[in-house]
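Both of the next two complexes hold chain A, though its partner changes from chain B to chain C.
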Partner chain A sequence: MSEVILELRGVHKSFGRAGAKPVLTGVDLAISRGRVLGLLGKNGAGKTTLLKCALGLMRMSAGTATIFGEDSWNLSAEAKARIGYVPQKLEFQGWLKVRQTLAYFGSFYPRWNGVLVELLRERWELDAEARVGTLSAGQVQKLGLLVAMGHEPELLVLDEPAASLDPEARRAFLAAVVDIAADWRRTVILSTHLTSDLERVATDIVILKNGTVFYDGAMDDLKESVRSLVVTSDRALPSRADIPGVLAYEIMGNHAVITLAGVTPSLVDELERTYKADVEVRDLTLEDIFVEMHRG
Partner chain B sequence: MVEQLKRVLATYSRPMHWLIVALGLYVTFEVPGGMNVSPQRSFAWLRFFLLVFVIGGGVGVFVGDHLASAFSPARARLVPRLARAHFIVVAFLTTSVAVAAIHIGNDLPLNPAARLGQAGIAVAMVLVGVTFTWGPISSAFVIQILAFLPFLTAHYEPLGEAIDALGKAIMINGRSSAVLSVILLDCLGAIGVVNRVRRVHEESREIVRAAWILDMQAGRAWPQRALNRLDHLLAAILAAPDAASRLRLEFRKAAVPMAAGNSLSTMAVVIAGGWALGLGLRFFGAPFAYAGYIMLGMFLLFVLFSGLSLLDWKKRLQWLLMLPIRRRDLIGSVGSELVSSCARSGLAFAVAAWVLQSASTPFAVEGFAPVWPILAMWSLQFPLLAFLSLGIVSSIAFVRVILAIILLWTMLVGLGMTAAGESVTVVVLASLIGAALLLASYFFWLDVEAN
Partner chain C sequence: MDSRFRFHVFPSTGTPIYRQLMEQVKFQVASGRLAAGDILPSVRDTAQDLEINPMTVSKAYSLLEREGVLTRDRGMGMRVSARTVRGNVRERKDELKALLRDVVVKAHQLGFMANEVIEQLRPMLEEMEKPNVRG
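After this line comes the complex of A and B, so read on.
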């Protein structure tokens, strides 16, 4: 079994007076080395809060978080040097040039890969001599990514990293993530709403719902498991589907679309027999799965 | 003109506006009661200052804003941050009338230095085209209040007698004629500014300057000299031996508005400025007894700015806390940099203030001024910094307000005790309380979350 890089146990986080607004209500998660994990959840599901608790930027109300075996809140300088983080909101010094900003951040890290940074900077068409204050939101995002990736971190945490990027830059960014992830020693956590991005790069998916982990597993397993069944029968179909794992059930007379987790050949056979129906199994995109999971 | 005045009145259509007006009226009636107390009672002082803040910050700014928005041409109003410089000046002038009226009631000559300082700030704001933030406004009012501090040693009379005194000042008392001229000047100035606001357009000098400042803030129009200086600074940061030193240097650039690294030049500039002011006042035949205190007051303002820069620093915490440096080392190195920078600069201001107290002009040495009152004001920066730090680290707005009031009260107690000749006690207490609170704020910062 591969080494666990980041581990969360029973993480609770509430805001407001006396914890009036619970955001995380018992998150358990273990992320192994070499994985590219996509973190999905609706707005306000607690993705950013979870990442900040995991990185020691926010105090948990309860629970434990460790990175490289160290308590997240009290990470050593050595452990931090192995982490790269791109927050949602980026705040750089506007008076510095891009080149200077990279030099400034690079000066903190013993292993700063200037060649990689220069390569990516050129690929992303970021002007080295431009003042940070003059950059667009997308360009600032690229700069944030360069700063986070320059020291080739073992753990790269990206909170909505591609939100401000144009399609071309997003593709280049994803290619860079794939390059990083190709090194089996690296772990990437990517929180995003762009499910198409996750489908390209993520090996694992964690879906947050109601403050807890709703799904935690491999991307392939998820797509293999959650599918839509299009049922067409000669007779009227029941108004409710009494099948375990149903995420959504839509009926229109003798025609029904059932979305469920845990589709197996035997289940399909059983449906065909019970309702004397034709059952067509359809694959779903990650976005479809995400929407269906939140419909119920 | 009548139409425009109607528009000003029309803006008071929302309940919130009436609430502010009601607050202003309440303050108008409350001020005399607040002032009819012995200045030794610190709570009464606090009350008085809060009321002056409300007059200045609430009513003055509010009226100024409405004047600016109502009188500026519609097209010019589309220019980003149009007329804000004017609006601040209007706020200043309207407030000045109120504050001057209060002082007339006490039959006191207005401190010419304070008036000159106010006028200077107002003019500077127009010339520079200052952009609107609460910072310049609050700082301006802090300057104003600090400048008026010497008057608090006097006994204030109720408003009824103030009105009598105003009559005397106008009709009889030649000593207060200067006050009357100040009010007249303020009124003329206000009319002039409103007139300017009416005519301002995109090509007006102050709007062009304001746009330039906006560009500079965005990093588009930095002067080459400033850029060279920043390049040197970056080189020094990069050459620093360790992460903590780099962060200290970077924070010094970002946070400390004065030349903290060069206290001698700060001292020389403050002395030269004070002497220039002294000579100017002497030319008009006005006394210049409070120069040193005004300079120290300005220093406290700088401390305020330095402390407030922690706000900006807090915003960047999510980056900074992920740099390869332990949380306690990060907080400790930046905190110690802030305190030591302010202490060093404060010493430069204190020495300058002492020189100015001893010799208000280079040609008028009036003997050696006492050192302890100046040291007392210098030492007050430590509780000031600590309260600011605690307020910023707290995420609860109510706590911030309470801390701000305690901070104001502490400063007033300190200044009151200094005025009452208990400077040594102030130095000891401010140093001890300041050190304890700074330590407490360090522990709170250790627990800060990066939101």
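After this line comes the complex of A and C, so read on.
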């Protein structure tokens, strides 16, 4: 299960003239077969740029990207046929029917699983005879997913797939992603700025902040190991916390909130002794963690 | 297929989903709603029903299997194990003591006295000793 499907090393990307603020400043990332990776970041954090560089759709300024062991920029036709990509903005011909659109895209691929596409189309309640121009945003997203999945790609990359959907359609769409994940050989990368999109489906979380990877780990580990410590001391607390794994540190005189990975009872004891402090440990939700990581 | 058993999860809490699933199975086994030999819903059905990743369900089942709560029955899925007692008396007593120490510390922090704790505990223990009542 540990075969690496996609790997990025030291990816940098700047746009325009020299001196412009770079979008990506050294991203390292690896995803193994069968995982569902949630790429989380605020709007403008560089998620789309990262995905495009990873897929070889955009030249990176420095660094390397490989998919199935091949250089992303020079992917073979075979490798490309094993990838499905749903961009943020989908463009279809409005006057074509859903059925015709699927047939059109299917004709590009030597191996197109029409049976699977029909099965999913029915399960997702997408009318084959509807004109694409009359579809809702959610239905267009589903059509995009069908088009990206008909050739049964091993790697499926979805860029903000649920962005234009209302909450109910989001749930339905994410249930569709679960359908895909149910086939464990498949690897999914899903970018979003909403933590709620990832809580049910992602196995791994990567948080992108200021063009670099701020957190990378399994979802369960994130929830189990990242905690906030509310420290109240008799004496002034240092302005910097010299503790490994600190993600956020907020200090107000004798009172501090430290968010860190790898909280252990002995660490709590040590803090209590060193600073003659009371330490309260708080569990965090994914959203709390995301918010904490963007403090300061 | 025993379809009485249904999971429910709260994905947005700080408790990982696989832990929530494990705790629900253990609770239902302890309370007798799940009896030895009962078959749990398949990984795929559970994942689709709850709209969660199948790997999460699989992780919960595998850990429950390792803990001896469930047994993998080839072709049938996961079954609730016959209640087995693992380890010798001393080991089990030590484990129980460790659990109770946590409860005692927490109860103390919440400001409860010993007799109040015991008062809360007694009906729970009695509930567990009752013969299984289903449905």
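Keep in mind that, in the parts below, the second predicted complex is superposed on the first by the 244 of 296 C-alpha atoms of A that agree within 3 Å, B and C clash if a C-alpha of one lies under 4 Å from a C-alpha of the other, contacts with A are read in each partner's own complex, and residues count from 1 in each chain.
Methods note: a contact is a pair of C-beta atoms (placed from the backbone, for glycine too) under 8 Å apart; a residue touches a chain by one contact, two chains touch by 3 or more.
As the structure is a prediction and not an experimental result, all values here were calculated from the model.
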Chain B and chain C placed together on chain A: clash or fit? fit
Just chain B (first), just chain C (second), both, or neither: which does A:196 touch?
-> second
Rounded in steps of 10, the angle in degrees at the Cα centre of chain A between chain B and chain C is 150
- Task: Examine A:36 and indicate which partner it touches, taking first as chain B and second as chain C; both and neither are also allowed.
- Result: second
- Message: Let me test your reading of the model: by the given contact rule, A:163 touches which partner, first (chain B), second (chain C), both or neither?
- Response: neither
Chain A contact check, chain B vs chain C, more residues touched by chain B
Exercise. A:267 contacts which: chain B (first), chain C (second), both, neither?
Worked result: neither
Item checked: Partner chain(s) touched by A:220 [first = chain B, second = chain C, both, neither] -> second
Quiz prompt | First, second, both or neither for A:108, with chain B first and chain C second | solution = first
Check your understanding: Once the shared chain is lined up, is A:77 touching chain B (first), chain C (second), both, or neither of them?
Key -> first
Superposition result for chain B with chain C: lowest C-alpha separation, Å, rounded to 26
Note: overlapping chain A surface for chain B and chain C spans none
Within the complex, chain A is touched by chain B residues 217-220, 222, 230-231, 234, 237-238, 243, 246, 250, 254, 315-319, 321-327, 329, 447, 449-451
Given the complex, residues on chain C that touch chain A span 11-19, 44, 47-48, 50-56, 59
In their shared complex, chain C is touched by residues of chain A numbered 34, 36, 171, 174-175, 178-179, 181-182, 184, 196, 199-203, 219-220, 223-224, 283-288
Interface with chain B, chain A side, in the complex: residues 52, 55-59, 73-78, 80-81, 83, 85, 87, 89-96, 100, 103-105, 107-110, 131-134
